[in-house]
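Here's a structure for you.
We call the chains A, B, C, D and E, going by the order they appear; numbering starts again at 1 in every chain.
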Amino acid sequence: MIVGLFTRFERAIDDGIGRRKLGYAVLGLVIVFFLWFPNDTSQSNYAKTVFISGFFYAIMSSSWALLAGIAGQFSFGHMAFMGIGAYVAGLIARDGLMFASLGIAITPDSISSVGAIVIGTVAAGLVGLVIGWLLLRLRAAYLALFTIAFSELFRIAMLTEYDYTGGSNGLSLRPLLQVADVDTARQIEYYLMFGLLIACLLVMYRVVHSPIGIFLRAMREDEDAASALGVNVVRYKILVFVFTSMIVGLAGAIFYSDVGSERIIPEQLEVLQMSLIIAYAVIGGMESLIGAAAGAFISRYLLEAMREVVITLPFGLTMADGSDAFVWETGAWRFALFGLVMVFTLRYMRNGLLYPIINWFSGRDLIMKETVAKRKPDGDDLALAEDRDE
Amino acid sequence: MKGKSTLASLVVLLALVALLPFSVIHADGHCEFADEAIKIGGLVPLSAPGSVAGGVAMSWAFNRAVDDINADCGVQIGDQNHRLQIVIGDSEGSPERGQAVVERFILEDEVHAVSGVYHSAVGLATMGILDANGIPTVFSEPWNDNVSANGIMEYDGRPPRNADGVDHIFRISPASSMVGGVVVDWLLAEGVDNVVIIAENTDYGQPAAADEKARFEAAGATVTQINVELGTEDFVPILSRIQASATVPDVVRILVTGETSYNLTQQMAELGIAPTVDTICVTNQFAFQSEQYWENVPDGNYCTFNRVGIIPSLFSDIAVGLNEDYFEEFEDIIPSFAMASYDALHILADGMERAGTISDGAAIAAAIETTDLELSQGRYYFNYGNHNDSMPADDGMPNYLWHQWPDPVVTMMQYFEQGQSSLDAAVIFPEVYQTHGTGYMAPGEMP
Amino acid sequence: MLEIRDLYVGYYEDLHILRGLDLKAENGKLTAILGANGVGKSTLLKAVYGFLKPHSGQVLLNGRDVTGTATHKLIDLGISYIPQQPGVFKHMSVRENLMMGAWTFQNDKKRMESKIEENYERFPILREKQHDHAGSLSGGQQRMVEIGRTLMTDPEVILVDEPTAGLAKLLSEEVYRMLVNLRDQEGLTILLVDQEIREALKIADYVYVLELGRNKFEGPASDFDDLEKAFWT
Amino acid sequence: MAGSDASQLTRTHGSEDMVIEDSLSVWWLLLAGPLWAAIGLYALPRSQGKIKRDERIDVSRLQIAGLIGGFALGPLGIGLFFLLPDLIRRATLILGILIAVFISSQVLVRVSDPNVPSVIWLVLAGPLWAALGSYFIPRHYHDVDADDINALTAAALGGFTIGPLIFGLMWKHTPKISRDWMIALGSLGAWQIYTLFAIQNPSNPCVQTPFQVTYLAQQTANGVVIGCIYSLMAVGLTLIYSVQGIVSFAHGQLYMVGGYFSFYFLIHAGNILSELTGTEITVNPIWGIPVAGFIVFLMGAAFERSFLKPMHDGLIERASEYAILITFGFGFVIEYTTLAIAGPFPQRANRFIEIRRFTFPRTQITEDFSFGPLNIIGDRAFAMVVGIVLIFALLYFLQRTWTGRGLRATSQDKQAAAVTGINPTNMNTLAFALGSMLAAMSGAALIPIFAWVPWVGAEMVGRSYVIVVLGGLGSVPGALFGGIIVGIVEALGAGCHPDPSRGAAYKEAFALLIFALVLLLKPTGLFGREPN
Amino acid sequence: MSEINLELNRIAKRFGGNQAVDHVSFSVTKPQLIGMIGPNGAGKTTLTNLMSGMLKPSSGTIYLNGRRIDGRAPYDVTRAGLGRTFQITRALNRMTVMENMLVPGLAHDPGARQADLEARARQILSLLTIDHLTNEFSRALSGGQRKLLELGRLLMLDPSVIILDEPFAGVHPRLQETIYNYIHRVHEDGKAIILISHNMGAVFELSQRLIVLNFGALIADGDPQQVKNDPAVIDAYLGHDEDD
């Protein structure tokens, strides 16, 4: 019956305003909701905190979706780039920077927190440039392995150079905001992070829907063919690394400048944290920026909500200890469940769990077939290709 | 077909959302409780990268304390009895998460007090918010010297967010300097002079190592410090390095926690570095959990370890009862942070009763400052606070004594039989606590 | 007898490389399939041998429908396949390569040994090089290893895809002689796909010429005197 | 709770030290090398000669291989060369150069002046020349119509090590740059770095005169022992890759869960036996190895069938990335399920053997040179033996059994394998299950040695990636060598890092650094097959 | 109309010991339809890959319009004015047909307005009779339609030389007609086309000049009718003659 209703609704939409417009309307409503949210006096600052960190992870996931889902560069180093942004911003603000021979001297006094964040972002971009260049030759598993190695090396260095980086005590960045009133501060932080998310999404959306985006997708589909069509694959491969590194570097530097958290710790750069980012993107849809962002937001919320499952017993039944609710501590189980969701999403809904919604609103069937019955002969299967010349 | 299955998965997703927690309502038999329960936030690490084992033990202790207090008809404010309720939050060992959870405590759960905290980084990161919101807080495990000293010190180079003169943060775990002091005093008394310190590169290991190193060096001993990463399994290369050094170390001091400390201690024993006749082994307080210790460090006999918390032979009735229950649950001896967590709730409850309020943080904090309670770890009191005219610094005392329980019992213990329960292990220092009438025993000696 | 009826095959669902092909390979005869590149000769063999699933049509072996049988099961039915790409196991010794041919009767050691011995008789050079890695052999020797491996199972029908592609002339002659021997002395049914049209016509009993996935001509090899006519128009 | 089972595990606490008799100690050790070398010299040419009619590997090379293999690795080397004669050339060269580098560096350290400031210039000059060389030499090669595959690396290494000299050499020998050049130059570079290190940091235990031989021997032994154990896990990874062409990101978790399966099996088996017989019985952890292997074999097979098979059936787009993510997710599920069931408390199984450590005592050889003591932890040595036995069993399985041949055939040529009647689908499943099984078995072999927690796999799996990439993805012997190399690198890295307080903390980083370099410079690794 | 001057000078490529392309030289100086034939393994595809930059030649030089293009990256070669198709079609599967067209369009002329490019793409697609598929994902296309899409993509680049690798292989006869038209049309536009095909009929019908490769070497180059009767070519195609 629900399905029937849905179909009728669908037809009505198709005849009338069009799904796409409806989609924009819904998106607009969501944005309005987020803009209005801090003004809801019934909500506490805590909800804002949760949202702020949700926004941060949404940036992380969606930029990873751009890197891996759209450009096809399967990197596990995303968290490390974020860390570079945050650490460099923190260290610059604390210790300054001296290039005596070049006549450049940045002293901690002379630099504002915004300046530090900018430097952190640029540093992340520079490292992204180098790493992107190194990765030109590597594909798929090798690329993943290399980026894991890179991010582990970075984490170990941050942890071990205790005197300089604060080790696992973390590094506290110079606060971006100097607002005494906690409520106001939180309000500003909320809008700052949300604005950053929207800005990042817009910029990434622009990129994806610009020639560059088309080139990136062409590269993902078939690097050789793209190259034969005149796409400078070297440039765009490096570019996408630099671009996403700068986005996450910026997000990291801002988030840890006492907007979402007041210190960055090396544990944040662990492979586990990276894997969560990836899982969010996979669950939300790793080829869609909005999907990945929403996936991160929703997954984090669910992981939080599923910490314990409390089922109030009906009919006045009681547990052995006299309470009337069954409490299941799901501490580790929720991650196991989360992993299962990810595995099944991958196997059966490769475009993410949110895909049907996005697809419906997009007004046409994007990539409806999950599987391809018609196989493209490539790689190992070249031997099967028709009468090959060489 | 396809559409239906995607629809189905959406339904499943929605069903998951619907499983959000409901609140738990207790109804205890013999006491009349007021409607408003006292909520206490318990901030403990329950997922990696935090120390999950520590978090599990602490939350067990919280629940146990809540049960005990409620069985005793809760907290009496005026003529009403308020039921105590613990809200456990998972810090994941991360300052960022810790902050978020504390905010949730304050704003969402509207807790009246907070306790717990295992990782110092979490303690440092959450103090500001807790204090600014006037939440009376008794930390039960972070060791970093700066925890709780916040009220009188500038914290990380910036003024406290809300400097209204009232500091709500207390600590009943020892500051790392206090622990280090005991270990160093003992070792110096043993006449060591060539010290190797192996420290994990964390917020626990590094400050502790720095502090102990300074003390040793002040006494003229040479110190070699070796940092290791938590999670390392194989220490043989670095231990071989110690073994190959020109002079045999007099002591190897391990400032490493968890399974990593077990691996390290066991490999050290297997390689014959320490404990030997020449070299004293001082391992981490985790050795006190003797079941786990002997399972993981079968060769660790004659290792000494520092023990925080009252020594087993002096266990009060409360401690004995706690320990029995803990043993039943975890098959091991209760760690100090579980006892401290248990005591922390009692201190908070007592403070509230004496202040006569459950919501006036300043009043409760003022009441806690004058705590005088006998609990599982001993008698609790706080020397320095707003009730005291002089500041620690005025008395030539270290700043960390602010709102710090000055008497956590820190002892040196030693196993002298393999598989020995830590309840039977010898307390060897300070002398007043010696249980077997003897100080350090070199391998082979018996009390 | 291997019979193919109205076979449609292709790599994409809607793109047929073979469009309604019919042919028969009589028992004990060498049937050659000729045609320009790209008309689907190799595709045909791949379809028969289970690498490609035919879109429609039938493959019959002695009257039994074997269409779409998985590759590894065809050996037991008595069909073997010698692909165009050298398919030796490069990092295994020659002997091991031959042994792999005995996969389907791996427990019958005696039979395996005698078959290997047969192959050594057939190709003495292989005996000499039995412990060398197959990858280190010359192209012709690799081809021998492959053929030898195929013959381990005593197949009734073998499908041969351009056996002399890339081989020197002397070696090619050797290979053709071998095919003739297999037919004449061991009575095998051979379905040969080849570009060496002259050579193929010399040894074949019956010839099919394909064009764009369909039969163009067919007939006994002797009918194809006028090569120009057959291939350049 | 998890602890409850553990406490029922009766254990014998501690153990005895075993000191090997003096007569056997150093002299035995010193003799062992030449002895095995002699055996190798005699046996290897003969064993190969029997089956090698064709004289592709000539006797003199076999003799050298036997000599060096026996000297450096003892029976292991001889056995390896016997089983895998095609490794002889490269492995001999590597081992030979390692020995030569070691000896010559000792000489150099003694003769060189410790305060040479020009050294700094040398260090700086290296990268410069390397950059120049890697830019110009390949161009020259291209211009004269020569194969420039190896020229880039060789020029970079050469520039780094001997500066402009190499350019002349390479120019002269233009088309003949081979892999051997790179090995030689790479070793030379290693030796130079070692020497610089010795000059700059003379008090380091690795170069300090009174201790270094024993110390280096000790660290090398540490590395080899742990390296063999590492190899076992890496071998599984490499096996999966060679057949399936994917890297399993669940390998660490399978290793971890293998340890737990063994642990719980030992407890329950001990309890049941004790109840049946009425006496306290502890089961030796060796029995946990096959049990854990078997269970995880089934797990791996089930996972492969349900999640990886569709990939091989062509039902999945972007298969290589799907493989990364799906195995990753599988590992995620395993880790957290284990955490939920077993709890976060460290656990450890009983000992294998009641010998705490083997010690070769200190022996005065000449007046101012002594050797020893050398310590090897008993259980570790046992686990090493388990590792080696299992790897050799695997090699035997792959080389000498039908199923093993089927696996190798599938990994070499899927189409040809199918043509001979092998079912590639089954081989895929088998490879994944076997690889997973090996991970689990190494976990079961290590649970008596390390304290076990559910996140124990993370560190180990990172190392396995290093090993397989270093050895060459898909090469079983490569994994064995890679494991030993990584073991030694970690041991020497931690043991020789100039700052002892950081050496241990960066232990993992040394291997990761090598990993990154290998990935960038030579993704096929030391023993990897060149792409066909 | 762009200037055409493609010149191959003793181009050779070795794979290990195998001489895949053996010092081939030829040049193209006017808008010509050139057929390139040769038996399997003759090196046609390798030569194509060498010209388009997918492979670096072991020796020899290639100039296009005065620019040396050998050893340059494929995108560079493409921008210099040499476009190619692939034997096995390489449509960008999860992009729409229009996006497939835009990739070369934008790569060729990054400053162009997207609307202009789209208009041009539509024109080309309608020429190729696949304009009804403009917004489909190219994965949904049939094999023949993919071929057409590949040809269409080439036109967006406006190259001066086009290499068509097996444009007819496995294409429905009805679509083949379209491809014929395409080739004629492009040729009329003043572009040189190198047509590699096994479809002899088509090659002889279309080409004005024929290049024959065998074992990597160029064995004939000239008028199709002459080449057809060249004994070396016949041998290459029909197998070794008894007497040679």
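Note that contacts are C-beta pairs under 8 Å (C-beta built on N, C-alpha and C of every residue); 3 or more make two chains touch, one makes a residue touch a chain.
In this text the structure is predicted, and so the values were computed from the model without any measurement.
Engineer: If you take the mean of the Cα atoms for each chain, which one ends up farthest from subunit D?
Structural biologist: E
Engineer: Can you name the chain that lies farthest from subunit C, using the mean of each chain's Cα atoms as its centre?
Structural biologist: B
Engineer: Higher C-beta contact count, A-E or B-D?
Structural biologist: B-D
Engineer: Using CA atom averages as chain centres, what separation in Å is found between subunit A and subunit B?
Structural biologist: 35
Engineer: Please tell me the distance, in whole Å, between the geometric centres of subunit A and subunit C computed from their C-alpha atoms.
Structural biologist: The answer is 54 Å.
Engineer: So the centre of each chain is just the mean of its C-alpha atoms; given that, what is the distance between subunit C and subunit D in Å?
Structural biologist: Computed value for the inter-centroid distance: 44 Å.
Engineer: Going by the touch rule set out above, which residues of subunit B reach two or more other chains?
Structural biologist: Counting only residues that touch two or more other chains, subunit B contributes 48, 52, 201, 227, 229.
Engineer: If you look at subunit A, which of its residues touch at least two other chains?
Structural biologist: 156, 159-160, 272, 331-332, 335, 372-375, 377, 383-387, in rising order.
Engineer: Tell me, which residues of subunit E touch at least two other chains?
Structural biologist: 40-41, 93-94, 169-170, 198
Engineer: Per the contact definition, I'd like the list of subunit A residues that touch subunit B in the complex.
Structural biologist: So the residues of subunit A in touch with subunit B come to 2-3, 6, 44-47, 49-50, 53, 156, 159-160, 162, 167-170, 172, 175, 180, 182, 260-263, 265, 267-268, 270, 272, 302, 305-312, 322-325, 327, 331-332, 335, 348-349, 353, 355-357, 368, 370.
Engineer: Help me check something: in the complex, which residues belonging to subunit D touch subunit A?
Structural biologist: Interface residues on the subunit D side: 245-247, 249, 306-307, 310, 314-318, 320-326, 328-330, 332-333, 335-337, 339-340, 414-415, 458, 462, 465-466, 469, 502, 505-506, 508-509, 512-513, 515-516, 519-520, 523.
Engineer: Please output the residues of subunit E touching subunit C within their complex, sorted ascending.
Structural biologist: Within the complex, subunit E touches subunit C at residues 39-41, 142-144, 166, 168-173, 197-201, 228, 237-241.
Engineer: Once bound in the complex, which stretches of subunit C touch subunit D?
Structural biologist: Contacts found on subunit C: 49-51, 70-73, 75-76, 80-83, 85, 87-92, 96, 99-101, 103-104, 106, 128-129, 131-133, 136, 146, 149-150, 153.
Engineer: Looking at the complex, which residues from subunit D come into contact with subunit B?
Structural biologist: 1, 3-4, 6-7, 9, 11-15, 17, 205, 211, 214-215, 218-219, 222-223, 226, 339, 343-348, 351, 356-357, 359, 375, 377-380, 450-453, 455-456, 458-460, 490-495, 500-505, 507-508
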